[in-house]
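Per-chain numbering from 1; labels A, B, C and D assigned in written order.
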Amino acid sequence: MKAGFLALPLIALPFVLNDFWLTQIATRALILGITALSLSFLATYLGVVSFAQITLAGIAGYTIAYFGPNTVGVGIKLPFWVSIPAALLFSVTAGALIGYIARRSRGIYAIMITLAIGVAFFYFTRQNYAVFNGWTGFSGITAPVVAGTSLRDPSTLYFLSLATAAIAVVLVSLFARAPLGLAIQAVRDAPSRVMALGIPVTTPVVAAFAFSGLIAGGGGILNVWYQERISSFSVGLGPIIDVLIIAVIGGLRHPLGAFLGAIVFVLLDTFAVDLIDRDRFNTLIGMVLLIIVMVAPNGLQQLAADAVAKLRAKEHQSGKSARIKTNT
Amino acid sequence: MKRLKIAATALAIGAVVAPAQAEDIKIGVISILEGAFASLGQDGIRGAELAVKEAGGVVDGQSIDVITMSSDASPDSAVNAARKLIEQDNVDILVGPLSGSEGIALRDLSKSYPDITFINGSSAAQDTTLRDSSENFFRFGGDGAQWMVGVGQYAYEEMGYKSVAVVAEDYSFPYTQVLGFMSEYCSAGGRVPEKFWTPIGNKDYSSVVYSIPDDVDAIFVALGGADAVNFLTQYDQAGGDKPIIGGSITIDSSILESKGPFKNLLIGAPAGTPTVSDYEGDEWIAFTALYNEAYPDGFSAPSIFAHHYYMGAKAAMLALDEVDGSLDDGQQAFRAALTDLEFVTPTGGTMRLDENRNGIIDNFVTEVYEREDGSLGTRVVKVVRDVNQVLGQDPEIFLASGPVSRDNPSCP
Amino acid sequence: MRLFLIVTLNGLTLAALYFLAASGFSLIFGLMRTVNMAHGALLLLGGYVGYDVVELTGSWMLGIACGGLAAALAGAAVQAGILGWMQGDELRQTLASIAISIVLADLMLWYWGGITYQVSLPDILSGGQKLPLLGVGYANIRLALMAFAVVVGVMLWFLIQRTRFGAVIRAGVDDQDMLRALGFPIGRIFIAVFALGSALAGMAGVIAASALSISPGTDLQFLLSSLVVVIVGGMGSIGGAALGALLVGLAEQYGLAYAPTYGVVFTFGIMVLILAVRPQGLMGRSEQ
Amino acid sequence: MSGASTSVVEMATDSVLDITNLDLHYGSSHVLHQVNLSVSHKPLSILGRNGMGKTSLCQAIMGLHRHSAGNIRFCGREIGAMPPEQRAQAGLAYVPQGRRVFRSLTVDEHLQIVERSGAAWNRERVYDTFPRLAERRRNLGDRLSGGEQQMLAISRALLLNPRLILLDEPTEGLAPTIVDDVVTLITNIVEEGIAVVLVEQNMHAALQAVDEVAIMVGGQVVDVLPSEQLASDSELQNHYLGLDLVNN
């Protein structure tokens, strides 16, 4: 009932929005939301804020670019049904590797080691021409054509992103309830106790990062189809911070927070220039961000949930009092 | 169905910004207005606006709306800015972007929007038009290699430099500039024993400074903005005394007007550029006067960016005038007018396009000199007219030598 | 060999600058666990103000003082007005300070424009001199940098290890709640330390503008280098910041001289490697 | 001197600390339920088994954990809304469970940062009272033995020249001879005219030092009775505290 309440308008969107709103706003928000979800998943269930999620998305994106059609003459062209699994495989493997490197880091130190990994990857892609084509990166990437329809077609890409987002949300909830997911949460709550029980901490941490790599990889593939290009800039500090902003303003406690944060971010990023003197839009973005951080400590999702709860309580109250009145 | 879609869209857009009037012709301008390139990007916008202002802001009774968008030097942001301008602000013509990788990104994007005309701003990557060119992407200007034509020969023959070291940023634009310099310099007989590719935004060049071989005659520096300032300062402080040869954005009014003691190093330095701040040509003097009048807060003379955005927007205005402001038929007539356009540039040459819609330009070899008031200016020592994208070589041979890179070309 | 020695010297002087920039960041993190992502913006602000003051008065020392003061005031305002309200919530503070840095960077771009500034040096520091053993010219300001770093380092050490205020800061690092229970108004101490850390950043900004240059984007560069320096060395330890600065400064210069293509990658590679082996940094204490 | 003695008499009739209907939550778990407690100048001990809410009560009194409902009055002033530092300045001193000495401060620095000039307790007096601390004055906090740390924690509190000292399990983990020293010390503090609240699991130590005992069970104060009564009634001890504690 609740899912339907959410799904119906989302499915109806392509029929009411023009291409700009559908692709540049809705699809872009979904794609960013998927990558941000991989961050909020780690934050919520493992208690680790990872700045390396853009790196994982980027690894998947670069794989698609390298093994797909592009206009820079780098890479080997493979059919998409090979390159897509390869992209996910790489992002999952990279996730596992990052998890292994960061397995002992907590709190601020985990943020820093993942940031270092992210920035190192960024500089590597910028300097390496053989695989990543350096500064310029890959352009002219086209999404696969399936049954005569390009996956980059606005409605198709939207539905594809929506489906991926839905699957990611479901996977996160399933994973959280699976034995491995429970072990991860135990690590979050008391790593030393888990170790005392004789359970190695490494396995759950690596698994959690690998799983986040799967989700981020999905976002990365969609992103490279959406952008039709990828370069060192796509994995730089800017996108890294964008995804963090999205996850945190949306709220880390609920999978839907990432998407709420993404839509707010995309709207702000796109329209800030229209709302204020075109030269000072960054000030506006910064201010809005600051206000959200200050008034919504647990993110917009929590803020919205509280508002709904309050509204319900009020309704409930007035309903009750009405009933009492009729009774008397 | 379609009607419903349009209505809903109008509603959605109307909620955010009021749509502009339908009759206007809208030109979107993309430039970099944040970070290290901000002041240069600002000057690009000035150039584009100047061309529109010059025409009175009207073509054949239709007013011209200029809408600007900022990118952050990344191709992704340039593409997002372009999509927003096209799909949400409904621009007809796009002018921009500023930097090389952004240019290639917009070239690719232009293939997805065949009904929009893209006119390059100041981005100067070679492949934007040379390889995989796009029918609706025009560049009324040259690439980074064209901008160096004349310098190699001048350095070898006039200055007598038999070998030079190269210090340049490690990305495509400087690669292109180095190619332009070296292809001439090497065939004249010069040698380039070492190239130092430094990361863009590097602060501390001291280790590069001390690695420069003692036996070179000069240093070719293709760095921009703060990077150039940092390198030159540190070279100066280390007691370095080799003459400098400058890239196109190493020696530009935006650099000459920066504050700092390093500037003495530049006096006498030759450079290749399509834009000379102190050029004595009548057209340039008139252009500078126009610029100064419109932008008292701008630089003392238009920068390379103002100059190139101006030429792009000017071409758009001229071609619009030719088709009486009509952009029907998918802008076919407008594009035909652009393709056949010939106009006198602020530097006094005649701008026209080659078959890849890339400009055939005039290039200058300049040298830096000190004005009486102590400020620095550049003066022209040589003008090379009609420089095409293959630098006067046989197109097939030129293309066969491959795209620019760290190692192409090479003559150690 | 000669090149190696010169590159080493370059690494040391760069390390000195990094230490100056990072020490304030480390101080703030050490006491409050605040990752102040606006540190780079405060550094840049100090640099700009310092430039203006030097142009106006011709006094370099005054420029340094005013640059530090401007950053200290801005930093105190940030802590008192924003970050102090979310004390203990590291992630929110990180994000809020990112937002602050975005706003600050944009406002500075507005006021100072995008051009590159270099602070003109007093005569004694400008120019260079021939190094006796190596036989090459070397900038005076870079040699002076090392002296500055040592002086600042010693002063900081003295402040923290030998004064009552320093003892209070150390007590706060160890156990904030206990310090409060002894009657210390932690909010005000936090503001003071934030101002002190910011003042160090502001002064480093003026020095960076003298030895190198400043322009939009300098804020991010120094934020990143400060992060690496402090994390490699161990958060909150002044000795650690010095060690981290040495490692990063040397790595960067050796990279630039001997492996320019991947030099920058090495710096961050070192950071990953160290954190993988010692999650709390070289001289950091593990949490709890 | 005579003035001081009259004020002691006066205060003895008044209560120093008044806690009424105090509730405390940690997230969703309800830790303190409607705690009522009044502390006069007679030393009082709060006894109870592990997990009964004793430390939470201390932290609520100090303000280190905000209570969710109820009042805390100290010397006639409501302090419930004050941050911890203001409560300390008002005359409330805290010797926490586990001592919590600063590991990177020397003994001398611990005392130096709290010392106020011209007060009754100063560094000199501390060193006179605890020669052992004087010997160890250059040692860092985490290089001290448990007993020394306890001396330091109590000295640190005394230097605040408080009206009330709240001690949370000061004998925990100490050797029996040291426990006796601590008990003597508390008795001396009481004689100084400083009110004492002693939270303990060690009933025997507590009963030696105080006149009155409050019993905490399940986040509530269930009984307040003279120490002699509890000392003599083993059934009562068993009932409230369980065998493990009594045999301790």
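Simple rule for what comes next: a residue touches a chain if its C-beta (ideal position, glycine included) is under 8 Å from a C-beta of that chain, and two chains touch if they have at least 3 such contacts.
Fair warning: this is a prediction, and the values are worked out from it, not measured in the lab.
Enquirer: Of all the chains shown, whose C-alpha centre falls nearest the centre of every protein C-alpha atom combined?
Expert: Answer by centroid distance: C.
Enquirer: Approximately how many whole Å separate the CA-defined centres of subunit B and subunit D?
Expert: 75
Enquirer: Measuring from the mean C-alpha position of subunit A to the mean C-alpha position of subunit D, what distance in angstrom results?
Expert: One centre to the other, that is 51 Å.
Enquirer: Taking each chain's centre as the mean of its CA atoms, how far is subunit A from subunit C in angstrom?
Expert: Subunit A and subunit C have C-alpha centres separated by 32 Å.
Enquirer: How far is the middle of subunit B from the middle of subunit C, if each middle is the mean of its Cα atoms, in Å?
Expert: 36
Enquirer: Among the residues of subunit D, which are close enough to touch at least two other chains?
Expert: None at all.
Enquirer: Give me the residue numbers in subunit A that touch at least two other chains, ranges are fine.
Expert: Where subunit A meets two or more other chains at a single residue, that happens at 123, 127, 279, 282.
Enquirer: Multi-chain contacts only, two chains or more: what residues does subunit B have there?
Expert: 34, 42, 170, 199
Enquirer: Please list each pair of chains that are touching.
Expert: Listed by label, chains in contact pair as A-B, A-C, B-C, C-D.
Enquirer: List the residues on subunit B that touch subunit C in their complex, please.
Expert: 34-42, 170, 196-199, 201-208, 210-211, 225-226, 229-230, 233-234, 237-240, 254, 257-262
Enquirer: Going by the contact rule at the top, pick out the subunit C residues touching subunit B in the complex.
Expert: Touching subunit B from subunit C are residues 3, 6-7, 10-11, 13-14, 51, 106, 109, 113-118, 120-121, 126-128, 130, 136-142, 208, 212-218, 221, 252-254, 256-257, 260-261, 263-264.
Enquirer: Which residues of subunit B touch subunit A in their complex?
Expert: Touching subunit A: residues 1, 4-6, 8-9, 12-13, 16-17, 33-34, 42, 68-70, 72-77, 79-80, 83-84, 87-88, 100-101, 104-105, 108-109, 112, 125, 132, 170-172, 199-200, 403, 405-406 of subunit B.
Enquirer: If you look only at subunit A, which of its residues touch subunit C in the complex?
Expert: Spelled out, the residues of subunit A in touch with subunit C are 43, 49, 101-102, 104-109, 111-113, 115-117, 119-120, 123-124, 127, 237, 241, 244-245, 248-249, 279-280, 282-283, 285-287, 289-290, 293-294, 297.
Enquirer: Spell out the part of subunit C that touches subunit A in their complex, as residue ranges.
Expert: Residues 29, 33, 35, 82, 85-86, 89-92, 94-96, 98-103, 105-107, 110, 220, 224, 227-228, 231, 235, 261-262, 264-265, 268-269, 271-272, 275-276, 279-281, 287.
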